[in-house]
Amino acid sequence: MRLRLRPRDDSYYEMFADSANNLVTGARLLAELISEDADREAVGERMRACEHAGDERTHAIMRRLNSKTATPFDREDIYRLASSLDDVMDSMDAAVDLIGLYRLERLPKGIIAQVEVLERAAEITAEAMPRLRTMDDLARYWIEINQLENQADQIYRRLLAHLFSGEYDALTVMKLKDVVEELETAADAFEHVANTVESIVVKKS
Amino acid sequence: MRLRLRPRDDSYYEMFADSANNLVTGARLLAELISEDADREAVGERMRACEHAGDERTHAIMRRLNSKTATPFDREDIYRLASSLDDVMDSMDAAVDLIGLYRLERLPKGIIAQVEVLERAAEITAEAMPRLRTMDDLARYWIEINQLENQADQIYRRLLAHLFSGEYDALTVMKLKDVVEELETAADAFEHVANTVESIVVKKS
Amino acid sequence: MRLRLRPRDDSYYEMFADSANNLVTGARLLAELISEDADREAVGERMRACEHAGDERTHAIMRRLNSKTATPFDREDIYRLASSLDDVMDSMDAAVDLIGLYRLERLPKGIIAQVEVLERAAEITAEAMPRLRTMDDLARYWIEINQLENQADQIYRRLLAHLFSGEYDALTVMKLKDVVEELETAADAFEHVANTVESIVVKKS
């Protein structure tokens, strides 16, 4: 038996997978909240709990990173990956929060499509994270995320045009625009996650 | 007498303390500006001078960092700390600027509470910076900053709800929202400062 | 003949120059688009192509950076430089996109001045990039960029005041503000490019 003197810290893979699984939960709560007959207050509560759970996961990664034990890839990349996963959750949580705060009863249909893209992005991100260990088959993941981000952009632009179509008064446009922008920011953050994964893989190859 | 061949550059502590003390001045000017009978033009002038002084402090830190002399902690952390301190000042200065530019005579009461949180955050940040030398008693600081940031969030959300309560026309909402968002960004930047301090301390322990 | 064992990778200079030259093209397209009798659809198409070309250049730099071959300056600085050049293009492209999306027929005159500053900034940035090889005469460049950014700030603030002057309804203000803010973000990104160049030069001196 050979001893490895500086074992790489494999638990990072589990921590990232955990963090991404939490995004799946968050995206589903978002989908639930915007559905017709949602109990918005209850779903809002669960979203807040989900966001706190995400924060704890992020802090755990950062603490381990600061402990200066060996890391399986560049510290800067671990930092970026953890931060971007956290950014996704923050934006989804902020969108839920604004919907409640602004008492937005009716939401434009386009938001459903926006959230569906986020759900799919969360799922394939959660599936990809454990594959960081073997670096296997990750290109498929970041290519699909890039496609999803392009789709999200299209939906977002159509939503903006719709908001200014004359159907809504100025104050309602401002409120809806805030929500729609948070969701677009979440889609962007999923792309940052994928960019970091690509960068990690390319460095190792 | 023992010679230390690579003396750490202690002046960083003074530079950070200096930068944070400047934020105390800035936060107090902000409080003065939003008080009932302020000479807004005069206070605006002093704020601009304060922001320039802050810029010079930031550049001095960056210059020293670029000089490649030894640093008391990770270069990346020094960079982040200096940048976040600068971000706080930029947001406070932008808020003052917008109040003047938009000729906002009446401000909602909630803004006073927002600024009070910034004043307190500036004070405890300025007190904490010199303790970076000994790393003493810093947890107390970042815990209070996190509490202040939560408070700031609450106040910000209440202000948003108030802005859309029907009391203001759409153009006024847009103007006030810009100001309120800059102040919220300043509170977030104080938290970034504290996160960086926490990360520095954890690495050294 | 002396062999250099780890030759620095000189092609970075060409890649940055290439990326900055693409910004000159983008800024000129922006100027064309806002001119009186522009064929906005055709110019919009060319802007999209220009943005894609920029993306490819950025990816090429990032790929080389990830390949772990020797770099002529700090990896982090190369990363920052490439990212900021990309940010400029993204903001100029977003501005063009919004003008089309919002069907903004009439634009305020101030936008012409804003775009002129961007054109000049793009030109001197493109001129400066090849000088990174010799580090020659770069202070002149970053000083002018800082002046241009101050000018851009002034123009931006005057535009904001103009938008809220009462001439426009709230929805139009929201649309124009989005465009004007993207252009201001582009000017800021040019300053980030210059700051990174300054930091590279200072480290080498």
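For clarity, chains are labelled A, B and C in written order, and residue numbers in each chain start from 1.
Everything below uses one rule, namely that a contact is a pair of C-beta atoms (placed from the backbone, for glycine too) under 8 Å apart; a residue touches a chain by one contact, two chains touch by 3 or more.
Predicted model, so just to flag it, every value in this text is computed and none were measured.
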Discussion item. Is the chain-to-chain touch network here best called a line, a ring, a star, complete, or other?
Written reply: complete
Worksheet item: Do the two copies chain A and chain B share over half of their interface residue numbers, or under half; same or different?
Response: different
Worksheet item: How big is the gap, in whole Å, between where the Cα atoms of chain A centre and where those of chain B centre?
Response: 28
Item to complete: For chain B, jot down the residues that touch at least 2 other chains.
Response: 76, 170, 174
Worksheet item: Where on chain C is chain B touching in the complex?
Response: 76, 157, 160-161, 164, 170, 173-174, 177, 199, 202-203
Discussion item. Show me the residue ranges of chain C that touch chain A in the complex, using the header's touch definition.
Written reply: 62-63, 66-68, 76, 97, 101-102, 169-171, 174-175
